[in-house]
């Protein structure tokens, strides 16, 4: 990795980064910091606190952490992220990438196509699609399974939105892992196969070490996105009785429905902190073995 | 269009000095941020007024939007040649509309005449988003001819702290709808006029015995949102003799609350009189409409909206071609005769939208004129054209409601006994707490537990037990 | 040999199941718009095209798709151009702590895209006079998308051998020429993928579009879709299903175009 | 003409990649930078190209100081180790790319590309993409692109290393002929001493950022200035044997040899002799290294014999068929030898 191949120099490099930086500063960092500040106030959308918000320090945070509904929501979110992103999307995405890597037929193109299609359809539309699938009275799924009246969304709300999100987001992991698998030299796999290694051993000994950093990026991104995914609201509205009320839905309810913007902002920041913990955990897990070199490669200047 | 013009300008800017191209690219964003706003062109001396409403042509409340664009605007402009009126439609969830309007008013912008749900008046006033009409519109407000036509109770929709903030557009009332065919099948009387909760339960039991899948639909749970509170908890609470908010105190874990939740328990707690699952579904209310129309629900508590827009034979959401023959309606009884609020035998709840003036309007005088014009008898009649609903004006109602016996029933029988929700900022959260209490009962909890849990939540919301009455 | 055949068979069965799983929910979109009385359920339609006539009667429906194209397209172009420039510079020039910084921005973007940031974003747009402009929507949504776009594109750039650029540089190409002639063509599949991703993300977005715009003539499809309800909040399924279909078509078309032309994929992958 | 004056490059982190390089490459000269990996030869080439900025020192090309000029203004063409042919352009566009940068009209540059391509036998391939070309063809496209812009000098970075062994010899001859014909000053980097010897008019051997020796291939081969150069040059490495001076005699690996005139004692004396410059004797000789034959390696026309002597191994080359069986006692007779005092050539 030699620095500055195109001869940008500091000045031009800055000029290249600047437009994005300005936009990010104005429309991302600034409102984000403002939001974090709102989290320290009792600001509301309407009512007396809208006219005269007061600084309440960490009250919103202690209030949220003491609210059993928040704790339930946090737990649901962890299950949701774990089930749909880390296990579901990453797992299914990898399985698809692995199976499709050596196939070029029409079927595999079709599979790839529908997986990607479910990723790019507008979120407002997919809510209706899944509604039609899972509906209690005359949903397509009940018709297929001959289970009339089975209330998927009511009896298994969390499972429903987990499966939904696997459907929704697997494409990203699949694409990323497909690309990552291109980096595994076929000779390595052949060597493993000659040594009579089964697929699990091949994955463990040959594939995983080479795509470790891709796995890391994928987990970082999909966890972050899933943590902030509001789409399940379209499907269950957080219900029944909050049994699928993941944190983004909780924030929506608190900030928009109840108008408690200060509390909503505080919880948004808590979500950020939880994501940070996730990120650090991934870093530890995946970089544990050949630790320092890779951290240097990611954090410090390339050598 | 604006975007392309803007970028065009920027491109010219960028070509002027080629040596420091990257720097110019950096500047594009900055320029774009500063120079590409909307200009509000208030053409040469004339006055521009804007109306905002949660309605949109071709979508939600389409008729209302069309009325504004096709009647109000041309007629008003005809009378006021120097005024240009524009309409800013929305047509989304009420909460989202409320958010948008709050944001507008918070930044002291927005339309001059704004539609609000009457229930929001208090919190908007407290936030300083709206001011009493007389403060904004001046002396002309008190002299308006329309006041005498609006009953005091209906005027209450726009009143907060004794001051008039908005003109009510109309109101509604809640009754029990029932399916006469199913009633006949179950051997129940027609007309059905229950006088106590027990009679409702008895009718439900008979219906169940006659094989009706869902004898009683009493909205419950959080998924139904405000429909649970307005069509369920509050009428029951009123029927048990209590209002949710009186004399500065909220109703907590009281006997009335336990009674109201107790009725829920009777219906959903294993008796099979109601369908608990339906209450939990995200689209449960829509489904209840469809199932009523399909003849699967015996009794359903709803507002006259159900009659006007849901089972309406032609344009309804769940149209019933034989509505007038099949659908019966009756007042909601108190727990026992005389047990309701103010000692009433029957109770109801009402709500309704208002129109307010934007206190930050640049043209408050003309804005009031427009508002008053929109509430004139002629305008109100035009607004109702082709549809029957209860307007705020007695003179108009007298004329229009003769066409529909059901709405006349509401106007004559229900409105005199009805009650309104408190217009204070914390109400939506109290309402959610009430919904959660019913949800707890529907999923198998006892009324007493749910009521106690509600009390705890309520204390957190309204600032302690001191603000809660007995 | 047996193991191989078995493995192949298992894989085929697995693919069939995946295909069914991903196709099943889409059936509604294929049937409901053509159904005379569409319901929440997927059914063999009582075939009609009336729903399309009805949606065309809606004064905002078609225009909203155009608005979605302006806003989604504008944001996609802005995000791709700015992210490509930034990612390129970040990939080629040493900046200490660059990846940590990018990740922090990624985290912040999650705050800003949430409901709670509504007031700051709105106030900001008001002060910059961006309310009720396409540009306002484009800038606001782009701010939320840029960190992830830079994060992903930087990796594409890292994967591109630097000798191409050095070679062009020795021949006298300027950095912008190098960008245009060499880097952009080389990472074009990546740019196209990011463009579709950005477009799709903006396409479904509702809240910011709704609070930032006033004139329904400027509202995107996602906002208009939410107006297709009745006064009491009941969805008009005939209109919603039909509009959903029409509204999905441009994104699907763009995806098909990109995947045909460049292959919709991350060549080389993304790694931290 | 390229001249470098006191050129130093220190990388961030303190690595001295170039350490005071002084060098002049004459007009039309084919000049090799030779050394093991990490010696700074590629950094030097890249610094001449302008891809790296020197920490101090001066670079001039045809008497113009280009030290501060960007690479594009130095009138150079560079061929990279991986050729860096743009994968998204066909052969014509690739060859014409430098002209496009110089704003030559399209028709003219296409014609020029065709002309250069014809010279390099690429005419058939003009419309192909790089992915459809063999390694040798790619190399020629890269050369054609360099030629097309008529530079003052060529810079080649390991031009032959990406080709397989057979093709490499062919390409070597081709490259040498091409350079002769074009007569353009050329600097190339290689780690392969045979390549440097075969191609270059002059060679600079580099180590640790310094030039250890600059000279013609003959000079470098025959009189390596240091033991480092001696060990680096030659297809079989020179035998470098520790020696001890005792009066007028030199004791090396069990043999006693006459010391050259003027040799004075030093900490380290090394006796260097190339395997090619020794004869094998099966009878004992006083001026030869005694040992036992332990390894035989067939080099085709010759055999490389490893002789195990007391304390060290000595290698020598004998014509094919002359090699005795393993285990035979034998004596290695040096014909031409060099003496190094403290790693530096002792010139008598």
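Going in written order, the chains are labelled A, B, C and D, and every chain counts its residues from 1.
Just so we're on the same page, a contact is a pair of C-beta atoms (placed from the backbone, for glycine too) under 8 Å apart; a residue touches a chain by one contact, two chains touch by 3 or more.
Protein identities per chain, from UniProt: A, C = Multiple sugar transport system permease protein; B = Multiple sugar transport system substrate-binding protein; D = ABC-type sugar transport system, ATPase component.
Please read these numbers as outputs of a predicted model, since none were measured by experiment.
> Going by the touch criterion stated earlier, list every chain that contacts chain B and also contacts chain C.
Both-contact set = A.
> Have a look and report which chain pair racks up the highest count of C-beta pairs in contact.
Highest contact count belongs to chains A-C.
> Using C-alpha centroids, which chain lies at the maximum separation from chain C?
For chain C, the chain whose C-alpha mean is farthest off is D.
> Please report how many Å separate the Cα centroid of chain C from that of chain D, as a whole number.
That pair's centroid distance is 54 Å.
> Which integer distance in Å separates the CA centroid of chain B from that of chain D?
88
> For chain A and chain C, what's the span in angstrom between their mean Cα positions?
For chain A versus chain C, the centre distance works out to 16 Å.
> Please work out the Cα centroid separation of chain A and chain D, and write it as a whole number of Å.
54
> Which chain B residues touch at least two other chains?
In chain B, 22, 25, 29, 33, 96, 99, 106, 283 touch at least two other chains.
> Which residues of chain A are in contact with two or more other chains?
Answer for chain A, listing residues that touch two or more other chains: 2, 5, 7, 12, 16, 19, 23, 26, 45, 131, 137, 256, 301.
> Can you pull out the residues of chain D that are in contact with at least two other chains?
Within chain D, the residues that touch at least two other chains are 50-51, 70-71.
> Please give all chain pairs that are in touch with each other.
Final set of chain pairs in contact is A-B, A-C, A-D, B-C, C-D.
> Per the contact definition, I'd like the list of chain A residues that touch chain B in the complex.
Going through chain A, the ones touching chain B are 12, 15-16, 18-19, 22-23, 26, 44-51, 131, 136-137, 151, 153-154, 235-242, 256-260.
> Hey, which residues of chain A end up touching chain D in the complex?
Counting only chain A, the residues touching chain D are 2, 5, 7, 301.
> List the residues on chain C that touch chain D in their complex, please.
So the residues of chain C touching chain D come out as 161, 163-164, 166-174, 177, 181-182, 185-186.
> Chain A touches which residues of chain C in the complex?
Per the stated touch rule, the residues are 7, 11, 14-15, 18-19, 21-29, 32, 39-43, 78, 82-83, 85-86, 88-90, 92-94, 96-97, 99-100, 103, 105-121, 124, 139-140, 142-144, 146-148, 150-151, 155, 158, 162-163, 165-166, 168-169, 175, 178-179, 183, 193, 196-197, 200, 203-206, 221-222, 225-226, 235, 240-241, 244, 247-248, 251-252, 255, 259, 264-272.
> Using the touch rule from the top, collect the residues of chain C that touch chain B in their complex.
Residues 39-40, 57-61, 70, 74, 82, 85, 118-119, 122-123, 126, 128-135, 138-139, 175-176, 207, 210-211, 214-216, 223-224, 226-236 of chain C touch chain B in their complex.
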